[in-house]
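Same chain, two partners: chain A is paired with chain B first, then with chain C.
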Partner chain A sequence: MPETITTTDGARAIPEVAMSTTSTLVTRTGSWKYTRPAYHDRVAPCNAGCPVGIDIEGYLNLLREGRVDEARDLLLAENPLPAVTGRVCHHPCENTCNRRTFDGAVAIHAVERAMGDLARQRPAPVLKGKRRTERVAVVGSGPAGLACAYHLARFGYGVTIYESAQEAGGMLRLGIPEYRLPREALDGDIARVVAHGVEIKCGVRIGEHVTWKELTELFSAVCIATGAHTSRALGVPGEQLPGVQPGLVFLRDVNSGKRPDLGRHVVVVGGGNTAMDCARSAMRLGAKVTVAYRRTREQMPAIKEEVDDAMREGAEFVFLANPVEFQEANGRVCALVAERMALGEPDASGRRRPVPTGEHFTIEADTVLTAIGESSALEGFFGDVEGSDSGLQVDALGGTNRDMLYAGGDVTDLARTVADALGAGKRAAIGIDRHLRRHHGDTAELNALRFADGNLSAVRWMGRDPIRRVNPVNAVVGVDDLNFAQYQRVPRHADPHLDSDRARGGFDEVNAGLSTAEAMDEAKRCLNCGVCTQCDVCLIFCPDAAITRAADGSYTIALDYCKGCGLCAAECPRGAITMTQDRP
Partner chain B sequence: MSQLRIADCVPEGDLLTSGHLACPGCAAPLAMKLALKALGPNTIVVMPACCFTIIAGPWPQSSLQVPVFHTAFATGPAVASGIRAALDTQGKFDTTVLVWVGDGGTFDIGLQALSGAAERNENILYVCYDNEAYMNTGIQRSSATPWGAWTTTTPAQYPEATNKKDILAIMAAHNIPYAATATVAYPVDLIDKVTKAKAMRGTRFIHLLSPCPPGWKCGDDEGVELARMAVQSRVFPMLEVEDGRRWRFTMEHAGDPVEPYLRRQGRFRHLSAEQVSHIQAEIDAHWQQLVQRTAQDALVPA
Partner chain C sequence: MKKVMVGNHAVAWGVRLARVEVISAYPITPQTQVVEKLSEMCADGTLAARFIKVESEHSAMAAVIGASATGVRAFTASSSHGLLYMHEMLHWAGGGRLPIVMADINRAVGPGWNIWTDQNDSLSQRDTGWVQLYCETNQEVVDTTIMAFKLAEQLNVPVMLMLDGFYLSHTAEPVDVPDQELVDRFLPRRVAPYKLDVDSPHAFGALVRPDAYMEMRFLQQDALNKVPQALEVIEKDWLRMFGRSYGAVESYRAEDAELLLVTSGTVTSTARAVVDARRGAGEAVGLLKMKMFRPFPTALLRDALRGVPRVAVLDRNVSPGHGGIFAEELRSALYDLPDAERPELFGFVLGLGGRDITPAVIDEVIEKARTGTVPGREDLWVGVNP
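Let's look at the complex of A and B:
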């Protein structure tokens, strides 16, 4: 009778040579841990940084997987005008992109543009939802109005846009020139909005052809998206002289096909997008252009690329030049007198304030185009709506102090860009939907619709987020949360530009954009911050073999064995695993 | 594709089971898990006394799904030679005999047995997982402990005063068919080397850097990153030597400064700036030597 011994699997005979008969699975090493890993998808910083509220990471990831149609639909679900924003958006998403300091931000705008152009050749993905009986009026067909109408149509409402101009598009048509935004790109995006059932009535000015009161009686809700179209005056002597005109008026003429004679030397006053578009358009009409700006290059509010292009095309820049007077010869402007400025203390915007030096100089001018900003004409039609000189005041969902009146875009006191207008239009659409459905959500509900602290998501509002998210946490994944060792450096695709001589010779699009193939490659540069791509890195590096992959690609951590080392979280390329304290 | 697709190159399925007794974040079981992916089930492991003896589990358990022979500290290659002979007698030429052993068991006490086996060109695969001290018995220095490191026998006032032995050169000097370095930060490189070694006959040697959180005084989640830094700062270059003559780097080495690598480990916390510069100078000199050796690769006929 051999000796016996009692082990974890019961009493057994002691063999001549000690030989293992079971695995270590009987030892629950999970009890050792004091931190535990969990899969938590988080929010990519690009998503949080996009004023429109686009799931950029989401569609880039779909593109990486070759699911082009789904990517396009996800983009279109949040942004009605991708061919437009891909061209003219100042792309703050790229400033927050986690790839920025590694080897250059993902060229999100270029991918968006390629997607927008692809979407043009494709019927609009109209939603088959419940139709609603209420009708909503939108006043103004700029990006804010188009976005509000588009999302409302997708929510099931009948929508009519009233537009005072002869064609829809707002500043996209009246302000931004064709060499930056070809009209077929704009028309394609607008056609998709119309295909959603939105009716656009052009040539109707509310307050003139139809009163605001009538509008509020005819419709269940109204969104005011009338923009900011009044050029600010400089308020200096000689501003009334022939030859001095608001840049916006000039751009509207050029954009409607006119080719005014500006003379030889044109001076543009200002440093924003309007100023750059005036300068570049004037050069295309054969003028020699000088831009006078009272601050410095770094402080210019214009999109950086536009300033670069204006310089490349030959515009001369005089910085720290503040206009004090226009001089006259033969009943027309002949020169601008400016005072040399110096940089002083920072002002409210944080930029150093220009202060006068007392030194004056003259710049010769046959025409002067003023572009120091636009204000909205709050003409008193809705005089009881609260606002100030800088625009109407709205809440987080575009609501004004009047129950059924919503507003968005340049007419409000918020940031004035195409993306901000599109985001505001979406917020107003959700606000109107909530109002008409008597839905009273709290702040937490609203915050759950945001990409972290970014804009609202329409797909989340409709409960149709197509992206599978693992225990999502609505917080941004920072650059320190990523593991760059798992990535290769791949240079960013640069936008190909027309050479300056050709660019200056006409109104052809200057930025030729990426080919579809290049754009798809660029999409693959995305690190997919915060969202698990099922890359297996965590599983490969777990020293305790505690992670397994299921048939659907999802992962399970055997917490009975996981010792909480944190290697999975440390090695995850994209910060999709979070370690939490297990015991105090 | 911007992410390195390591998943495509790492075989599925593990012959290492959970519940093993390694410390949290220990690189040794990770190294074993990856090596066994390349070797497969037709493998016999010979294991002299080391941390992995414990990791493998107490009787009657085992964390390895292949046979393991626990052997006396100095005898790994001798036992492996015997097992090889027994297998060959039975015609089991395809079974890999793997000696899996620590740095103490390789650089110090096992060196004569290893040298003898290599001299005879025994048909075995020898993997030294190097955590740079006798960890299992409480962090005593070995001849693999780097210059300047703290251990319990080389306290911070009198840190390790000799350079780490160049074990790869020692083994290459035996003119064995294959000698290489590897580490857990580069699973694909590790698996490639083990796969290549598996297909060869004769003595094959892999020197595998294996970070040890308690012994190196680093965070449990830092081992892989430290292994990566060791490679990229050229502290532990990734190499292959065939027939003792053809030296080859198996990846690019960025040549990052060594200081961040040292500063992340408590065992180097006491080092002065001068001592760090000394270490850097040694690394640079060794690198130059390697550059020359690898440059000769082209001159040596295969």
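Let's look at the complex of A and C:
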């Protein structure tokens, strides 16, 4: 021992290291902090990016927990047609998926498809709100009309859909070929809408069998969802020649079971989904197909997978080709004369504008199918409803400028996709319900129904959101908010495809989809961006052991002990913890 | 088994033979080979240790502190700026009474940026509660690494051993590698009196108020004071089992010396040759090697230097604004000797930033100390061309 001069009791019997002999709870280290963590569930980018307004993260999370029926019900609460969208949606959710740059976006479309097919075998219970006395008419049974009717039925209304064709489905049935959307999938989804009490009257054309005026007098509200069925004209010489045909007419024929003779060589003009459907259907009828598009592959508006499939099945693509004339032989088209284009400055759509080069060339054609866009036919309609060539103008809830007249889908001037139509139908349903119940909430109330700046949620509108959200903040979680150190790389499940030779031989579904088990595995790849899944990472990393887990799995932070170090927020895999400063 | 190896690999062999369980280290010149060799040993399974990769020396020391607190044997190594970056954690290891062993490959501190040897990096950590041992040969490095764990774990104090950068770290020498079975008998598994234990939870390193802090420091001081005697016992065991010993201080041909050189590190070997030459010429010049700097072996030094007329201290370091650090501390240690027995002490600063200390330089030191009349408060800088 060194020598000591004792001034007090001397060295007491204490350990030679600084070791606690009592509980450390006496030291309230929370007084040190100037920032504090809080659990705030935020919005996954897929939810915000879904035009339908599906709680994608929510149902994937339920699947992860094995709660399959609840997942199905949450999906169906927002989307009546998952077997359809799982197959034909352009899935912008996957483009925003935060997993995209890590190891590939979650294959949400494949999971949705499996859920849609599962729901056909194991239907969800029909859920409806308090019965309303008012009845609503919906004109058109495409995705917008079906969605509007479905949600209105769930809100408690009696709904009648008028459909001019002999079968319901609109463009889903008449426009989309069976190899992409088998009819039993479509029929199953439509049956769900009917099961909710929606009456569908086929073969009735409004303006012909019933006038628009009569309709508005018979029903408390009307939603127009008649779609856009007119192919835009190219406006070049020879367009009237036999053998030059709008792609939509061709598709309608094929999808109705006809098998027209197209000759040996078919040229499809256009780069959208209709063009791809035409090209692939024509190949199935035995034709050699050339797609002529005036820009390049990068600018094609068609879903990327559709272009891939068309190429895989043997379609030839001629890019930077702008039709200028159709040539005739023996009273029928024999060739397309095109001008070679070059890419110039970006146009209003942000895509580089094709500019002429003066160089011309010829492509032989026995048939030409034009697919450069569609417009709505609005003849015989109210003259005073605002709109343009691009479609009717509607407000945020699908309302036109005419009282109790709503619209959604391709008939409006909004984006023309199946998902956008489903979302628009839902918005119109909420708009109609709001109006009929004289419920005039403010913008903030509406925004609370949205996933960030995405579409409205029907379950939120009905006050039936089954997902318990922790102090929600309605903002999207970005890739930088996540902690990828907590995740393993797991490759995305690829869609199995029919062999191309077999695919070309008929109208069998090309994309075979994932098995239920594979889809459940794929669902587990979801990062649950912004949503606490009670994974315990915060609890494990808290150096003060200030986080505890309650019996229901939720966390409590003992702020008397939290030093505000921020480790929990930094380590949280999914950005569900936010640090705030105590004082500015 | 004899092997030819560089000093850095001698460190790694010592660590391997000591069966260290956790290693965390960040590479820095000239220490990098230590980390490389150890990671190879961990990878090929010849050393069953967990190697924790970190982003900095501060974290490396924090990691071995955490490991050591659980009761396992832990090791790290660094140099110069890396060691300085560990500074806060060195106090945690010292005050936490954790028997960590580390190797510091002595390297000068920048700026000017310099990767060559001097002792300023380790000496600037002298008050962190670590034992400091300066090695002369690669054999001594292997042996000291193993003995360091025994010493550290006996008294619960961390031990730092030093190698001169390049002069020892990168110089190959034959080394008699101790037999593993014998080392296992010499150094059994660590038994920790206090440790993180889920079955008996305690917080370590928490707040200690004024009514107990001083007692904690008193006990730390007491433990460090016991180091020289403990090392002596350990070295006796080592000598018995392996036939070698070094001592906290070592006198070399010091009998009846008129002048005694005091050295540490590799310069000792050069000085031995100079002393041999001088003795051969009939001159009464001897040598005292200081291996231990912390705790300062005051009693041993007083005994070794009592009555020697003149002492020349060779410092490969400097405390800016004061002098060579060994010389200054030695001067204090000798102050209480009676006037008649107190040597005249000359302090020389030399060899900074890797400048070579050749026999000619030591001859110059000897001449200056022999002919000098006023043992300086001022230090004598050797070989400086201002």
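The rule is simple: the second predicted complex is superposed on the first by the 558 of 584 C-alpha atoms of A that agree within 3 Å, B and C clash if a C-alpha of one lies under 4 Å from a C-alpha of the other, contacts with A are read in each partner's own complex, and residues count from 1 in each chain.
As a convention for this text, a contact is a pair of C-beta atoms (placed from the backbone, for glycine too) under 8 Å apart; a residue touches a chain by one contact, two chains touch by 3 or more.
Nothing here was measured: the structure is a model prediction, and the numbers come from that model.
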* Asked: Is A:Tyr561 touching the first partner chain B, the second partner chain C, both, or neither of them?
  -> first
* To do: Would you sort A:Val490 into first (chain B), second (chain C), both or neither based on which partner it touches?
  => first
* Of chain B and chain C, which one touches more of chain A's residues? -> B
* Partner chain in contact with A:Ser20 - chain B first, chain C second, else both or neither -> both
* To do: Using the touch definition from the top, say if A:Thr580 reaches chain B (first), chain C (second), both or neither.
  => neither
* Asked: What is the shared patch of chain A, the residues that chain B and chain C both contact?
  -> 12, 18-21, 24, 27
* Structure fact -> So, in the complex, the side of chain B touching chain A is made of residues 1-7, 10, 14, 16-30, 33-34, 57, 59-63, 65, 68, 184-185, 187, 213, 219-225, 228
* Asked: Where on chain A is chain C touching in the complex?
  -> 1-2, 4, 11-12, 14-21, 24, 27
* Asked: Taking the complex as given, what residues does chain C use to touch chain A?
  -> 95-97, 156, 194, 202-208, 212, 215-216, 218-223, 225
* Asked: Taking the complex as given, what residues does chain A use to touch chain B?
  -> 7-9, 12, 18-29, 32-33, 64, 485-488, 490, 524-527, 533, 535-537, 540-546, 558, 560-561, 563-567, 569-571, 573, 579
